[in-house]
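All chains are identified by letter, namely A, B, C, D and E, in their written order; residue positions are counted from 1 within each chain.
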């Protein structure tokens, strides 16, 4: 059994790529970074529209919504012992932008770049940080971004020694930490183990857990057995059947953590057949929403056919679609393909894609559509618009409807070379209706919360009606099975689960 | 010569049958002969059972082989009922065997000296040092120059003639009473053959041993041995003193003699042997 | 009239020994170099053929085009293929296998970390396989046709035919999940992890050297099942081969000579026949060892063993080109090296090749 | 029929070169049976191989039936002129070809017609029943196989037969049959033989002239009568001759 | 009575060594081989199993009780029962039927690889062995490079490079299987190259191709056949290993290795998903091994 002052978490480290907060872009890394580093603000998992102070004690927002002035907490030190100042904060955010790696999008999307970041984000004294936005945006979006793991504050002075060839300490940070968070990194072996020790002089008091261990355990059954025998406190990769067993037995707490995204089926609009609206519509009738919801997707998702996750402004409960082969056949006939056609369906490896896709494949077959299943790492095909049908799921670091809508429902330039490969709509070559796109931008610029919520409801309804190329079926949930001995381990929708709140009996 | 009356080896009605899927005729059938302290040759065509007879005497045939005999006595002791352990004491110690081709009959990964000494150590419980001395002595007896050096050689490093001398020294080091030599020279060249035979002859008579000499070379047996047994189809069809081979009466022996091309007495055509199945029955 | 007493070919040829040896070394050196070059070319081709985008493997999904381009050129993918191969060769010559996209470490460092784990497993397995397999094979040959032979052959045949990943899974199901006799994967208990960071990287050895008994037992406990399974596979192969080698030897004339000398079964088998199959055995043990690396890939996956096999599968999965090339190359190099080593050992064991 | 001048054959290159045959001159007349004796490894088979076209790395001159042959390649007509019979009747027949096929092959290679008749005739020549055509070599005795090997050589109607110890793997009684057969054939077809053997008696039985070879060189070319009368010159020849007569119990040879 | 008489006559005709036609000679060879083979019960068992499996694969539509692709999420993960003999998988498909159809995949891979590798190994090995010299050096160097990798690792690397899918798996496995075959053929060729019967044919004017294909190939054939049969077992294991690592056949086509791998996720609740396909792999591979051993005993007596 695990010792009372240590927390053991099983994860799949397969997709993790180092621990530089300004480079790592994976869900598993985010949880570690959340604990090695602090950020200016944070969001409670259950209150995603209200920023809370973390390193910033307080802040003010200018009238036009473009200037944020943060006052930093006093007496905060990094793990190295260096004091944490506003200079560190400004340098860290600039570092994110300047490295320009994947997570940089969190700031770059608001208009920051190498040349403007040093003037727009600046420390005016040791405890004051001024953040100006290049364009007006809803303040919630900016605060939301500043709370993401990408905006972690790193130890500038400490890293100065570790720099190689002007890499801003990037090589060093791959397997080490330079943060001020409640835990400091002890051991990190890729695809094997991560150990972090409690930081005794954390500003908010030393955490109860002396050590947190994360183990690479890609197999559900192994995690389940270890959880059963008490060798594990938290399992994160359990299959539906294993979860089912625990839920029935009631011996383990099962957390379904909202994942800020959807399971989607993307139909390439460059394809002559798939771009026919009736065909797109037909696919919506080929998903066995109810069957999947009670079996395979039971723990991974909530049935949802719109594009704003529950709990966010604009959420709608409408669910007009259900499995209906006849209806699908009718639509296909209307589209001129009564005998169906055959396409390749690309999916990522593992559960639940695998089972989901096979279910879709079987239903499509009944409607005359032959889907050739290709399982593997096909993201690059998707990004290059070189696919027929792609199934995946999305997740966002920013707890705001805009983050999702921007990807699912904006596509400013549908040409092949456009620099929009981060957007799902562009990848699907979906020329999103102008009306929908304009609404999304308007909502993001709206600073008045109530009005934003209304706009989002409108967007959501419009998306549902638009026969989108990106068919959503389930809202994403990430499941954690937590031992009953553990309390205070609360899964975070933007993956910032903290360990300093954890205690064990 | 002591004890000419009781022969060294006495065989009566020896029959050897190999296991086989079909019910087959025995390879050796009702063979009778005695060997004293003399050189006895066995000749016969390929497959006539010469080697099988020789091996049966030492009980060196595969386990499943059926060997029966009314009598198979070596120095008055019945061989067949002996325990394996006792048999091993006899083998190499008082009854030894020399095989045809030294290329294959010596262990390729042991030095020559090691292989010779092994016999001495095994049977005479000599120390390594004493065995070494004996080996050197023995190598000298078979007229090997530089025995010290030869002891350290591996079989592939020695010539055929030398290999056969090593084989002889390995088998004679314990001064056995009876030696069975199964075509000891047929892999050798004419010139070397003479030397090896001379050595064998010398040692056998010096130690007063008995020798059972298996060969298919009529000329050789005739000139080397005292007595000749002629085998055909698993039986001994005739037994003669070597000097009287020319006067053989059995048609098979006669046939063999006439089929042989002769340097000194050239014939225009060789007589061809007409086999009579009755010979094998007799 | 001098008789050809001593024809010692090896000695005759030694009139002029030095250039001969040099030539031999030169030819075998050239052979190894070409093989090595082929190895490098092959791995390089495989690396470039992999149909997944290594840039994406680093970036994950959410990023912009600038980030993509930056990583693309960081990985050297913007250069021409021959150029890439050339710089690949250059860096290999410096023992620089590049950086792993997955672990963000230098591949060389990663290999140095994961390889001892596999080596530990493979060495233990080959020891088990040899210690059990060779005597079993020899017993089978000596007692040919008896129940020992039949049993030995059946045991070997099963080991030969069973998919090792399946055996591993079943062992896990029965001995871990149902009976709880073995631990659930990994090299060591969590709480012993990191206590011993030894010179060899092989935990059992390091723990012994450090005198950390608890760590030692934990490591033994963890390695037992995978090593036994791999060892079983090796045993199956080795016993089968030893049997046929032994049968071949037992039919040789020199065995008859040994019998005629009055030697008993035991010395005949061990002193005579066995000495003759040592070289062949060495070869098949080498082969078995290389084969074990195969088995390790699968068994490491099943037992969560953080070794080279798992490293390689993860690298393949995430299109981690440098890591794939490094791992495959390392395996190839090991095979070449082992073969070279056996070649050298031959010369000591077998007088005929000296 | 065969003329050899200053023939040297060597194997290996550089420091490892060994001259297996060194500067041999000899001539074989048409219709003659020429014997070649010598100890193992003295180069008899190699010399025969050079005549047959099997050994290619020779220097000097070989002419067959008046036609000079080149070491590397021979024409079909040249190949057909001389045929070879090997020592080991077990290794010289393809184990998976029937006797018929074995005899047919040379006819196919040389594009000769009327095959069935020729095969039957060849079998008849070596006194084998024609139904043996359908048998495999393993169903034949050693002597029968050697007959097939001879039939295979004869089927191309050669002028020269090269015999490399054709009887040394056979029992005395079988040897007699083969030797008789060879003698008959020569008389009937007017063949020229070159016969290699260890056994002086065999050579003397068939051959008119006998060459003695030692370490790659001819030490003496003698005649049958000289052998019988012990009028040979060279001590080596004398030793070979005595060896073939059986064992001489004098201690003299031992100290050699 | 007349029946037995006739068959007695046939038997005599087959066993009589005094052949009257080439056909009888061949029939005799085949019959004697069969007699020897059938005296070995284990080998016979292997053969019978392989035949049964081939039949099952061929007649899969009739032997299977369900559509192997038919899903029924309501009937997922059911244990073996009268209706689903080997239970159902996570999508409610019948494991027995998938197993039967999977035999096709398995045999398809094994046979295709063998068909590709046999001729390639033959030509390369025979060319290297018979032509010798420069060709030998080059060909054997190439073989060495491939042999330097353990076969699964190489197959893994290749099938990762080629992408998943049965055809690619076949190519990847074939790439790892040909070198040992070529080596074997080369070694055999070398032993026959200097054989008297080959020399005899050369001296009578046979060309290189004639020697290779009419003289050497028939002699290498038995050991190559044995080798390929034994290879079948290892091909099946390698294919299963690839499938296990997700690189073999792609869903929904049933492949045993992939089935076992997929089932591992449900190991604790549904052991049959892993145990049964794994057992099937074991049995087939065992059968091919037994068959190969049996063939070796009769075709290649020197290895008995």
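General observations
The rule we apply is simple: contacts are C-beta pairs under 8 Å (C-beta built on N, C-alpha and C of every residue); 3 or more make two chains touch, one makes a residue touch a chain.
What you are looking at is a predicted structure, and each value in this text was computed from that prediction instead of being measured.
In terms of the distance between Cα centroids, chain B is separated most widely from A.
The chain with its Cα centroid farthest from the Cα centroid of chain D is A. Set side by side, D-E and B-D show the greater C-beta contact count at B-D.
The chain closest to the protein's centre is C, with centres computed as averages of CA atoms. Note on chain placement: the centre of chain A and the centre of chain D lie 89 Å apart, centres being C-alpha means. Chain E has its Cα centroid 25 Å from the Cα centroid of chain C. Centre-to-centre spacing of chain B and chain E amounts to 50 Å, using the average Cα coordinate of each chain. The centroid of the Cα atoms in chain C and the matching centroid in chain D are 53 Å apart. In chain D, the residues that reach two or more other chains under the touch definition are 239, 256. Counting only residues that touch two or more partner chains, chain C has 1, 3-4, 177, 317. Shared interface positions of chain E, i.e. residues touching 2 or more other chains, are given as 163, 246, 264, 267-268.
Residues 52-53, 55-68, 70-71, 100-105, 110, 113, 176-177, 180, 184-186, 190-191, 193-194, 304, 306, 310-311, 314, 317-319 of chain C are the ones touching chain A in the complex.
Across the complex, chain B is touched by residues 39-40, 142, 171-173, 175-177, 179-180, 183, 198-202, 204-205, 224, 227-228, 239-251, 253-256 of chain D.
Taken together, the chain D residues at the contact with chain E in this complex read 52-54, 76, 79-80, 83-84, 86-88, 91-98, 100, 105-106, 109-110, 131, 134-136, 139, 149, 152, 156.
Chain B contributes residues 45-46, 143, 160, 189-191, 193-195, 197-199, 201-202, 216, 218-220, 222-224, 255-256, 259-264, 266-267, 269-273 to its touches with chain D in the complex. Within the complex, the chain A residues that touch chain E are 219-221, 224-225, 239, 241-242, 245, 288, 291-292, 294-296, 349, 351, 354-355, 357-359, 361-362, 365, 373-376.
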